[in-house]
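For clarity, chains are labelled A, B, C, D, E and F in written order, and residue numbers in each chain start from 1.
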Amino acid sequence: MTAGSGWISDALREHEHADRPEVPGGRTELPVTDREQQVLDRIDRARRRRPRVREERITMSHGAGGKATQTLIEAVFLDAFRNPLLEPLEDAALFSVAGPRVALTTDSYVVSPLFFPGGNIGDLAVNGTVNDLSVSGATPLYLTAGFILEEGFPVADLTRVVSSMQEAAVAAGVSIVTGDTKVVQRGKADGCYINTAGVGVLLGDISLSVACAQPGDAIIVSGPIGDHGITIMLARGELDIEADIISDTAPLNGLVASLLAAVPGVRAMRDATRGGVATILNEIAKAADVGVLASEDDIPVRDEVRGASELLGIDPMYVACEGRLVAVVPGESAEAAVRAMRGHPLGAGAAVIGEVVADQPGIVRLKTAFGGTRIVDLLVGDPLPRIC
Amino acid sequence: MTAGSGWISDALREHEHADRPEVPGGRTELPVTDREQQVLDRIDRARRRRPRVREERITMSHGAGGKATQTLIEAVFLDAFRNPLLEPLEDAALFSVAGPRVALTTDSYVVSPLFFPGGNIGDLAVNGTVNDLSVSGATPLYLTAGFILEEGFPVADLTRVVSSMQEAAVAAGVSIVTGDTKVVQRGKADGCYINTAGVGVLLGDISLSVACAQPGDAIIVSGPIGDHGITIMLARGELDIEADIISDTAPLNGLVASLLAAVPGVRAMRDATRGGVATILNEIAKAADVGVLASEDDIPVRDEVRGASELLGIDPMYVACEGRLVAVVPGESAEAAVRAMRGHPLGAGAAVIGEVVADQPGIVRLKTAFGGTRIVDLLVGDPLPRIC
Amino acid sequence: MRFVDEFRDADKAHALAAKIAALCEPGREYKFMEVCGGHTHTIYKHGLEDYLPEAVTLVHGPGCPVCVIPMGRVDDAMHLASRPEVIMTSFGDMMRVPGSSGSFFDAKAAGTDIRMVYSPLDSLKIARQNPDRQVVFMAIGFETTAPSTAMTMLRAAAEGLSNFSVFCNHVTIIPAIKAILDSPDLRLDGFIGPGHVSTVIGCRPYEFIARDYGKPVVVAGFEPLDILQSIYMLMLQLSQRRSEVENQYSRVVPWDGNLVALRAIGQTMELRPYFEWRGLGFISHSALRVRDEYAAMDAERLFSVPGVRVADPKACQCGEVLKGVLKPWECKVFGTACTPETPIGTCMVSPEGACAAYYNYGRMNRTRVAEASAAGSAGRA
Amino acid sequence: MRFVDEFRDADKAHALAAKIAALCEPGREYKFMEVCGGHTHTIYKHGLEDYLPEAVTLVHGPGCPVCVIPMGRVDDAMHLASRPEVIMTSFGDMMRVPGSSGSFFDAKAAGTDIRMVYSPLDSLKIARQNPDRQVVFMAIGFETTAPSTAMTMLRAAAEGLSNFSVFCNHVTIIPAIKAILDSPDLRLDGFIGPGHVSTVIGCRPYEFIARDYGKPVVVAGFEPLDILQSIYMLMLQLSQRRSEVENQYSRVVPWDGNLVALRAIGQTMELRPYFEWRGLGFISHSALRVRDEYAAMDAERLFSVPGVRVADPKACQCGEVLKGVLKPWECKVFGTACTPETPIGTCMVSPEGACAAYYNYGRMNRTRVAEASAAGSAGRA
Amino acid sequence: MCLGIPGEVVEIHAETPDLAKVNVSGVRRLINIGLLSDDPPKPGEWVLIHVGFALSKIDEHEAAAAMEFLESIGQAYEDEIAAMRESLIE
Amino acid sequence: MCLGIPGEVVEIHAETPDLAKVNVSGVRRLINIGLLSDDPPKPGEWVLIHVGFALSKIDEHEAAAAMEFLESIGQAYEDEIAAMRESLIE
């Protein structure tokens, strides 16, 4: 239950501080209109105070556009994200971009649970969008934040999420410049969904596209795969599996900058999220109409990710990451690319995992550790735990 | 239940068209590897076909990032929104903007019901974001579209929503250039939520802000208020109230262009959405630290909106619109502004509803039709139907 | 809107205002209580006080159904609602009324199944749709609303619905008026009688006021001209040294009330020996409970209800406001600790509550307003 | 991973491959059936066929629990699941198996309460959490899985859980192998025996194959070297004109199986007189049902189950694939109408289904692959 | 007290004569007229609506009388104002 | 058939000796070891896990023997390959 009798004492305590000029002789001294005016002035001062969310849980009022919405925006969002572009709280944020081309992306985040080892939906929502811009070759600059909150969502959780977003934004060097909040009835969401859209700028004439992959190109992954997906599956608790593993959620713009500086000829990058590395390899094969030949032995997978995958009967190649990228570089630049990535903390585990080939266009093949070959197609359905 | 035995016959019918070169003498004629290769080629051709969503309902697979996600994106979203920026389906859309400043906005749409007289969540999601850009003085150019779909959502409904979005985008002259789809478990959403972020460009040195409102300015509304909110309340069906009223959802960029052309000195505009016109008047009063004095008699409200509001005990001033704007213009330009707006179909009902005054800063007052005065504060809570 | 717009005409208001002003005896102050919160709402919503001479003061009475619910009853309702089998249904007004640990709205956010209804009949619909749940209707209101609850109970009985019950908090206005008349610290010159209550109980029940206390009563409608005319009628009685019950709202209120409605109430409910009113304390025979014959629809008997008495927060001066002893803004916490967002007292919740009405509509300097109105081009006073 | 990685060693595979090749008698073709879908999965997932000489062909058998479920049983399960009081629990594999009007997955999307579990024990947890619902576990699988169902039933009985039941579809492998051996259109040289089934039933039940049909059987593990070694052992028996049951998987499979597990099955389940297998038709004594003593946990008795027989779609050639008569890609609709996204037959659903395994992992030109592998720097064959 | 809204009865519900459709400024809703069973309203008559029930009929005659009174004092007031103005001009 | 994964028993659950915690590559889960009640596994022993149950113990001795065999033929093969290479070089 929100509030508790606590809120009354809170409100009264605050009221005490409502710098009320004491009327010397009590209220009989002044004419009614003057006394009333003093009260009105006191209220005016109280209203201009820093807003504070008193509720412990989000209620429908927080989404109704009235006073509670405004308080939420000012006390929670603006307070955390504060920057000159957001501050006017106008209908749109205005800024200038210096660069011939602008990159625009969006993603909604619906992760459950909202808090998990290594992060929460907030930093995920910032990093994910930063990463989509980064792998497009853009320098991420500005983010929007759209919240869909479920009635009953704890305000303390929201505050935690929002402050993680701000930390992630600071770490990635971006600003959250405009936002939106909607509240839906209990049972019509799962606590909190976040959409972020991002704007970045492309400097120079960089041109990246998975459609540019050419036979002979090397395919590089920036680190061990599947950490995020396995962390989330285990964090749900339904599988009763424990492991010391944390999400890899991280902003990749720094790593991308290092890579691009070292290897200007990079053909394409993708951040491996839903669908995992397997999906990206298939996107490359399809977009460029080339074959992709990867090597199981070369794909970095943590022991715990492998163990959990074996137990659940799923394939780490399809498991989501949130801080790993796949890069396609000309074969001759492979070594330089790996070296550059390993020089960055988020690329310490970078490795060449395969190559682009001419034959079997559209198809991704994997040399198995066993020395055989198999196809790695797009995933059908969800990665479901299986018995057989 | 999805599919029904129908899907098998469908699949087989399609299979018939899988231009399979008939092996003249049957399979015994060719060596196994050749026969196998022919089958593989046939499959390859089938895979390169135009994707089609076979399911009648959204399943978790459509959000898992695999084949179903890809099919959904290509068959539903790309097919409807097709444009050269979206088509590469890269992690971000790239484009150039010509103009010194860029406007960025976002909104999530969670309207229930999804389809209502006068529109649906799709055109709402496009118009709403177009409007936030427009009232900022920007020419809306590019939109993102982030979908959160509930498992079980009918694909036919999604298709309707998406095609409404495209129609709205065409009508507003914007392109949807990047997007995202997530699917959540049944019971974790309400069919379909949409987030759109929008990018627009400000030409010239236009500078709009509600903080610029000055005593003497006139406040104009572009047409009758509350149509959208009342339509939605009635469309939910719980109140058992019928009325011939439709949502006012519409893109305001054309109207804004007409207004700005006629009155370059416009101080600020806002589209009246959640919280209605009352909220905007309060935003003006607060941001510019001025008083606002509006006149009840001058505020256009349709009979049906008034009737429904009386029945429900709510105030139309707080009821949402989705195609109305409030403009602040210098007093001397009021007439020209109204004339310009009335010249546009979406501004036919434009009217001066009040003025900015110096006294009682931060407070919105309304001259009632009865000749009295009252305060119009921010709404507390939801506009709840009341008995007393 | 017919029967509405014609009673909001500013020209006629000026005429009435002039008549009222003309009736003021020099040096005399007039204090009238509008018993009904609906009147309070109208007064502030339309800015009616702008028409009244300084000498005439309106005192806001206890006739706001939500404002008089004591905290203990809210807690009891919350206790009922928190039972897993219970779906609580409530009018929107009730949703923000604070109990000792938050409002229905807060409880709903925390997962309690509380649903807003427009009509008590909607609760029956919910009961039919949820045969394995118990639907409890949070019945509040004066005689205006009690007949609707009664009709809903009769309907449920006729249908044989076994999962619908009523948590009955209906109150009756006469004992509250009497309590106010008997309170030593208040001097009133007359009453603006509650129009909608009177559609049910008629005008006779007020006669004791005129007869025994010598105060005029005018039963009034809810448009601003109705109230202005009623004030005029009260002033006229005073100037003529009369004290009678008059019916300004005769287009809606029959002198004898609504017999069908009274019968329905009498069939399903009976007077409680006493009931607690927020701010006014316990008043005997001031509320209704479900009759024994309908015990199966009485949530208080179906479920155990703690029934603890919760003292109002110390800072709360609702009692004084409800009795008209204090003006809303004279309460110490008005507008700072107690606001519509964080109501400490219930008078700050409902749009009919005196504090809420004053805060939402009236919170401004009337002198300065008058000047601004005169100057402003948008106004037309 | 211990007991895993060491059995995936490419060098040893090359050695085994050479040994196998060396055992090939010129001009002779060898056809071995891996009975178990787990083996099929391993074969394709690791690209094991790349190590086999042309003369050796692997034929995929019926040992995929999901593939042999007939459409009628899926429809029956769906019927059960659609009851409002029922929560159906199912392994993930089962979710996409097509019934005549869609899969569990489709039904779930349409609102049917079907939940995925990792272990049958999870169903008990759900039953405890939902005392007012009926939790039905969709029990599928061979002797490997039946003991887990049995233990779960015993646990439910011990706890006195009254809202848990089993829709029993457990099947037994021996009658299916016998049916294949008796089918006229198939010539096999030996069997790669199901390793995990054998942990329960042991190796003796296969003796009739060696004795009566003169075919060697090697019970095999699930890592690729296990299978390669088993093929080598089969080739060795053939070259030595032996036909015996051998146990390659002795690290896991005791010759006599698991008596505790067999007792648990025997206590809760009994053989059905006959049961329909997809593609193979009715096979007598080939499946398990719940014993009378546990009738209260038998969903087939608790709820009426339509039990209609649904003919497989005409285009479906799963029967031939399950019997090993057709290679997956030889089915007419393979890869065009029937894909993992839109499986027409169940062999396309489970990763253990021959068609799915071939489609997901094996769908490529092996000759070209070999060339590419040789050329590709990323490989290390 | 409590919100009461005037609405015009449009039609009596055929199957359940307890219910009537009323019109409030072009907005229609079925309401329960059981409380008026002593003298049920006919289409064209006006009722006062409270929480989905018609609480009383609106007496057009009485309404007209009230209006007449208000108009009469309005007229008297305007005459007076006019007279005052004239006196000022003079 | 059906997925079976080797895991090392880490500890037997104190209250319910039917349950044991197993470790699979650093990942831990409680599993039911009721099917091994004839000869319950001890910490350090390995079991085969299927749908949350231990189905059998893994016999390290047999596993070592299998490995030995595989290594022996591996060695033989490598010797052969080496010999062949040498013969080619020569």
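Rule of thumb we're sticking to: a residue touches a chain if its C-beta (ideal position, glycine included) is under 8 Å from a C-beta of that chain, and two chains touch if they have at least 3 such contacts.
Bear in mind the structure is a predicted one, so any value in this text is a computation, not a measurement.
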| item | value |
| --- | --- |
| Chains in simultaneous contact with chain C and chain E | B |
| Steps needed, at fewest, to go from chain D to chain E via touching chains | 2 |
| Chain E-chain F separation of Cα centroids, rounded to whole Å | 88 |
| Centre distance in Å when chain C and chain F are each reduced to the mean of their C-alpha atoms | 78 |
| Whole-Å separation of chain centres (CA-atom averages), chain B against chain C | 41 |
| Computed distance of Cα centres, chain B from chain A, in Å | 24 |
| Multi-chain contact sites of chain C, meaning residues that touch two or more partners | 1, 4, 9, 14, 37-38, 64-65, 91, 105, 118, 122, 141, 145, 225, 340-341, 352, 363-366 |
| Of all residues in chain A, the ones touching two or more other chains | 59-61, 67-68, 239, 303, 306-307, 310, 313, 377, 380-381, 386-388 |
| Junction residues of chain E - those touching two or more other chains | 1-3, 24-25, 50-51 |
| Interchain contacts, given as pairs of chains that touch | A-B, A-C, A-D, A-F, B-C, B-D, B-E, C-E, D-F |
| In the complex with chain B, residue positions of chain E that touch it | 1-3, 5, 7, 23-30, 49-51 |
| Partner chain A, residues of chain B touching it in the complex | 44, 47-48, 60-61, 63-70, 88, 90-97, 100-110, 112, 131-133, 135-136, 138, 142, 144-148, 177-180, 182, 184-185, 187-190, 193, 195, 197-200, 202, 208-211, 270-271, 273-276, 279, 287, 318, 320, 362, 377-383 |
| List of chain B residues in touch with chain E within their complex | 239-244, 303-304, 306-308, 310-311, 313, 386-388 |
| Contact footprint of chain C on chain B as seen in their complex | 238-239, 291, 293-295, 297-298, 303, 306-307, 310, 312-313, 352-355, 357, 359-360, 363, 365, 367-375, 377, 380-381, 384-388 |
| Residue ranges of chain C in contact with chain E within the complex | 1-4, 6, 9, 11-12, 14-16, 18-19, 35-39, 63-65, 91, 118-122, 141-142, 144-145, 147-148, 151, 173, 194-197, 199-200, 222, 225, 229, 248, 250-254, 258-261, 264, 352 |
